[in-house]
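Next come two complexes, and both contain subunit A; in the first it sits with subunit B, in the second with subunit C.
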Partner chain A sequence: MRGTFVLAVVIALLALLPLGFVFWATAVTGWETASQLIFRPRVGELMTNTLLLVLFTVPLAILLATSLAWLTERSDLPFARVWSALCVAPLAIPAFVHSYAWIGLWPGFHGLPVGIAISVTAYFPFLYLPISAALRLLDPALEDQAASLGLSDKAVFRRVVLPQLRLSILGGGLLVGLHLLSEYGLYAMIRFDTFTTAIVDQFQSTYNGVAANMLALVLVSCCLVLLGLDAGLRGSRRYARIGSGVARGARKTSLGRLRYVCMLLPLAAIAFALGIPAVTLTHWLIAGGSNIWRMDEIGLALGQTLIICVVGGIATTLAALPVAWLSVRRPSRGSRIIEGCYYLASSMPGVVVALALVTITVRVALPLYQTVATIVLAYVIMFLPRALISLRSSIAQVPAELEQAAASLGRSPVNALWSTTVRLAAPGAAAAVALSSLGIMNELTATQMLAPNGTRTLAMAFWALTSEIDYAGAAPYALLMVLFSLPMTALLHHQSKKIAGR
Partner chain B sequence: MKSSTVFLAGALAAFSPFAFSSNASAQVADSLTIYNAQHEGLTKEWAEAFTEETGIVVTIRNGSDMEFANQIVQEGANSPADVFLTENSPAMALVDGKGLFEPVEKTTLEQVPEQFRPSNGHWIGVAARSTVFAYDKTKLSEDKLPKSMLDLAKPEWKGRWAASPSGADFQAIVGALLQLKGKDETSAWLTGMKENFAAYRGNSVAMKAVNAGQTEGALIYHYYYFGDQAKTGENSSNVSLHYFRHQDPGAFVSISGGGILASSQHKPQAQAFLKWLTGKDGQAVLRDGTSFEYAVGRGEASNKALVPLDALQAPKVEPSTLNNADVTDMMTAAGLL
Partner chain C sequence: MSFVDIQALRKSFGPVTALAGVDLTVERGSRTVVVGPSGCGKTTLLRLLAGFEAPDAGRIVIGGDVMAEGAAAMPAHKRNIGIVAQDGCLFPHLTVAGNIVFGMTEEPSLRQPRAEELMEMVGLERSMLTRRPDELSGGQQQRVALARALARKPRLMLLDEPFSALDTGLRAATRKAIGDVLKAEGIATLLVTHDQAEALTFADQLAVMRGGRLVQSGRPRDVYLRPADPATAAFLGEAIILSAELKDGHAHCILGRLPLTDAGSLARQGTIMVRPEQIRCVEPDAGAREGTIRGRVLETSFCGSTCELRIVLREDEAVVLALEVPSSADLIAGQQVDLRVSGTVHVFG
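Showing the complex of A and B:
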């Protein structure tokens, strides 16, 4: 138990390296140079762009996701189950493939409005997932009571349902916000400059120069503000149902004559989120014909991607194991703080994580420089919470008594853990590997900066080809990323229902 | 079952670059690691032909000029790279300034005329590219074109042209301007540029925008146009190239460099590579391939479609003193980066 705790702390410290690096870099730079590089008009432009992007995208995505979730979960919308699955499917499409698809159809598209539109389309499923899960699980008794006290349907929704969705909306909103801050490819392709694109520009011009580090400081501050907002708005109200028995299923609102009209909303969302990528990809795949299927190159990229996904996924899951076990079996103030560190660390954009690890390995840990170990560490830092969530819920389902029984029969603590909890929690661990792999497969910025010499993942190849405007040549890579992400997305859909039912 | 074994074997084969990553070159004698900032396709073509001829296995890491130059400086004596290839000279000048290059063999140097290599012989020109103003011929007639690149910073060009300021290509052009006109004039030009231009990421994307009528012209290099014309022409059918000539800063011809790192464990192979690259076979790839960059080898012809190099009236710029650190600082100050 002590060993597990120490291990969890060590992993947390490793995960916090990028954050520490940013502050260290600022300290080394000195305040005078730092303030010159931070308080300049260009940073102002980037700040305006980034703020506007977040301020418009997050509320719009919340509105869209909540409407869709209500329609699919709480109304008699025709084909609700189909729509529900389709609303999650866009997650299988990497964000930069979304913007590739849009500019394939409308080559001149660029700037803030397009950035908002594509971001809402690409990221609303992050909100739809938790909101629909929460709606499905609400205890209808509360709504009945409110109605019996004379509230209209609308007032019930506003005063009883919405407050209970608060945590899902905040959690999903935070996730979307962090994605907006850290995404590179989506915005680079539509010529919309954010802090992340500017850091990559600086990196390409100066490697890990001072200006890049200072932009990273501002970006990290934005992430911290988002995290703080989320924590502040969460509140301490309790939402759990107490008392015996199981809540009955919620009643579905009848849409009446509007039933079919209401289908227009999911239809429109899906047309943008799945239709546009499908149209563009099909177009380029047909236009490119058989020439674009250079199987030796594609096969190599696919092989490397799959391996890096599996290795990264397993490493992430193993790293999450100690704290997952602690938080279920020995919850304490300490374990909660460690968990918080992981969330904080994973909210650092990939470009900052990479910038930090490049500098640290090249200066003080040279044997690790440009190795698989370093890039795997980056993935662990970025995707650990995904693994943690899956692991925790499956460990919680294994009775602690089994472990104790194994121990009382003479097994060593590690052996007891292995032969009971670990084995029974295996499906959760598999899900944890899959979910972190999904993130790794579509990761571009950190992979490009940290990968060992000669590496070429699907995302890297896709990006190299689109940068040379070989859109047809890039299509097979996009298609493969989507195809391989689909099963993992389906798992995510399934998982979200389970977690919400915890 | 069988297919899954085959797949696994394939996957393991694919993994080998990882397993052998940074210290692989120390173990495998006949191998070479290139930090490549040139176009991926061109270097791949070079590397494959070189491997076929010599059996020396080449591992390529792709990136951009200044990223690699600064990276090599940080890696110092521990750099895993043997050869560094760039699109422009400033990155070469930076690495050379830190004393990290091994001098190129004399016989190799002699394959390239003096104007395409630094006088100290620490690196060598392997190809060249010319600055052009790629313009929308449906909107601009020849008499309305800018006479000098400097005109583009004037108010009448506000909102009418594009460039890719984060790219090494554009930064090399600014480097030449800095060398030719000095700090004050360059700063003023950059400030005017910030007012006037639209930023695109990548020269090909900027040219595509000209072709699509989103902007009237773009300050890029020549070969993007020829490359597209040789394919389908779909991104350049409305585009024509304007060469500034008359020793204008905008007529700058940039030299792509190749150098051998002093820290390399494979110096003989690296020397052989540069010799091959600047020799007949390497330069033939430039002439016959799809890169459309200029050949610089003595007596080696460039692609016939190109305006001859000696007809471009390029200004005289010393490649070994192009200073990119000043350029990025000035561009950062002007709000372009």
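Showing the complex of A and C:
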């Protein structure tokens, strides 16, 4: 128990390294240099870009996702289940593949409006998933009650349904916001400058440590503002359903003659989020013919990617295990704080994590520079919460009494844990490995900056080829990434339905 | 014409018939209780009245306004019918005050004073207005739910098993408090429950449902003493059902010659009901008169103020009666007792 706690604390400290590094770097730089590097027109420009991107994309994505969720969950939209699955499917496509697809169709596209459009299509599923799950879980008795108090259907939605979706909207909105701040490939491809693209450029061109570090400071501040906003708006209240009893199925609103007109919305969303990537990929795959299938290179990249995904996924899951166990079996203030550290650390953009680990390894532990160990640590920091969520829910399903029974039959604590809880939570652990592996497979920024020399993952190869404007050559890599992500996306969709008891 | 008039109401969910033609009337300002085992259709009846569901056929008229006729139903939000659900169903995202003013149509400045008035009416502290629903006990949640429904001055109040989630002691107190408020406001009330004791206590009019049909309705005392059939009799309380020969206004059965409640019956044979509380156990009398019913105590179980006995009749060992007697009687297993039946017995038509 004590050992587990210490282990969890050590992992938390490791996870907080990048955040600590940014503040340490600022302190070392000194206020004068720092302010010179921070308060300059270039940073103002990046700030404007980033702010506008977030301010437009997040509300638009919320609007789109809420409308789609309502249509698929609460109306008699034709083929609602199909639309629901299709609205989650874009998650299988890495963000930079989305912009690759758009550029393939419209080569001249660049700038803020395009950035917003691609971001909304690439990220709305992050909002659709929790909002539709929440709509399924809402107690319809509350809506009946509101109707009996004289509210029309529209008023019921505004005054009863929407307030209860707040947590899902905030959670999904935060996730989208953090993605916007940390995404590199999507915006680099359409030549739209954000803090992340600027830091990567800085790092690649001059390895100008101080300037990049100061940009990272501003980026981290943006992330912290987002996290603070979310915490402030969220409040400490949870809207638990009060009382007991089995809720009856939700009432579906009849769209009447508008049924088929309303189908235009999911149709348009899917056309952009799935149709455009499908068209572009098919186009390049056909245009490229068999020449683009250079099996030796593709095979090598695939092999390396799978190895790094499995190693990273297992490491992330193992790192999540101590705190997952603590938070279920021995929840305390301490375990909650540790958990909070993981979430905070993982909301740091990949570029900041990579920058920190590069600088730290170069300065303090040179033998670790550009090794598998360092890049795996980066993945652990970035994807630990994904593993944590799966692990925790599956551990929570194993009754603690089983562990106690094993102990009373003479097993040592570790042995008891292993032979009961770990065994029974194995499916959850597998899901944890799968979810973090998926993240790793599609990760580009940190992988580029940290990967050992000679490494070429699918994402890296894809990126290198598109940088050479070899769009056809990049297509097989994009296809492979999508194909590998599909089962994982299906799993997510399935889980969100299972939560709602279906 | 009655205040609420329900005619031939039918509703099916797929292959399941929830209501197979129900007729019921409710008088202005009265309390009607619909009672029945779970799955009998009583909740469906309530949801049709509230307007959450449209009937397949039939008619609902309230205060002269047609609420539903066939599948054409007025939507719930236009009916002005209050409902207090089983778990209170308070909005978790609003405070107590937010819940109470939720449906008010008064201008905003009048709402807070009205909410305070309502809190007082349902017997809650004004200071609770700023609390969240999850900070209230079950009974308090029910009272807030009542205040919220009363705020709109509904013409009919529906209570959907609102006391069943409460502890036994709290249940009676909350039931009385809510009943008193509704009586004072003169609002017609329809309570749905599966608890027969609650139904008998609360009702001016009792309606018994079974299998989607209304089996019987009337004053609680009448329904209890003159149930329509043995199943209704057993549902409302312990009942001893016996076959008897009917002659000159009396039933001749294993419990002797007993006067009939309604002597008009012409049948020679019939099924009768005796409530256990009509039977008294006494020490055997040495000089036993002719026709004394004698039994033997099989089993006793002590329940505090009363004792539950199982008594087998001497004349027919197959007949076992379950009786409750004051525990002061102090009877033991194996003891011989004499049984005296008082009052009249009911013959099932």
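One rule holds in what follows: the second predicted complex is superposed on the first by the 495 of 502 C-alpha atoms of A that agree within 3 Å, B and C clash if a C-alpha of one lies under 4 Å from a C-alpha of the other, contacts with A are read in each partner's own complex, and residues count from 1 in each chain.
Here is the rule we go by: contacts are C-beta pairs under 8 Å (C-beta built on N, C-alpha and C of every residue); 3 or more make two chains touch, one makes a residue touch a chain.
In this text the structure is predicted, and so the values were computed from the model without any measurement.
S.K.: Should A:R42 be classified as contacting the first partner (subunit B), the second (subunit C), both, or neither?
M.R.: The first partner, subunit B, only.
S.K.: Contact-wise, after the overlay, does A:L409 reach subunit B, subunit C, both or neither (first, second, both, neither)?
M.R.: Once the two structures are laid over each other on A, A:L409 reaches no partner at all.
S.K.: Is A:T371 contacted by the first partner subunit B, the second partner subunit C, both or neither?
M.R.: first
S.K.: Going by the touch definition up top, name the partner, subunit B or subunit C, that contacts more of subunit A.
M.R.: The partner with more contacted residues on subunit A is B.
S.K.: Is A:V160 in contact with subunit B, with subunit C, with both, or with neither (first, second, both, neither)?
M.R.: second
S.K.: When the two structures are overlaid on chain A, which partner does A:A141 contact: first (subunit B), second (subunit C), both, or neither?
M.R.: second
S.K.: Touch test for A:P452: subunit B only (first), subunit C only (second), both, or neither?
M.R.: first
S.K.: Give one of first, second, both or neither to describe whether A:L151 is in contact with subunit B, with subunit C, with both, or with none.
M.R.: Only subunit C is touched by A:L151; subunit B is not.
S.K.: In the superposed arrangement, does A:Q304 touch subunit B (first), subunit C (second), both or neither?
M.R.: It touches subunit B, and subunit C stays clear.
S.K.: Examine A:V261 and indicate which partner it touches, taking first as subunit B and second as subunit C; both and neither are also allowed.
M.R.: In the superposition, A:V261 touches no partner, neither subunit B nor subunit C.
S.K.: Touching subunit B and also subunit C: which subunit A residues?
M.R.: Looking at subunit A, the two contact sets are disjoint.
S.K.: Can you name the residues of subunit A that touch subunit C in the complex?
M.R.: Subunit A residues touching subunit C: 139, 141-142, 144-153, 155-156, 159-160, 163-164, 166, 237, 239-245, 251.
S.K.: If we count contacts the way the header does, which residues on subunit B are in touch with subunit A in the complex?
M.R.: 10-11, 13-15, 17-19, 21-22, 33, 39-41, 59-64, 66-71, 74-75, 78, 80, 166-168, 171, 198-202, 204-205, 208-209, 212, 214, 235, 324-325, 328, 331-333, 335-337
S.K.: Tell me, which parts of subunit A touch subunit B in their complex?
M.R.: Touch list, subunit A to subunit B: 37, 40-42, 45, 107-108, 188-189, 191, 193, 198, 201-209, 211, 299-300, 302-304, 306-308, 362-363, 366, 369-372, 452-455, 464, 467-469.
S.K.: Contact residues on subunit C for subunit A in the complex?
M.R.: Where subunit C meets subunit A, its residues are 47, 50-52, 75-83, 85-94, 102-103, 105, 132-134, 138, 141, 148-149, 152, 165.
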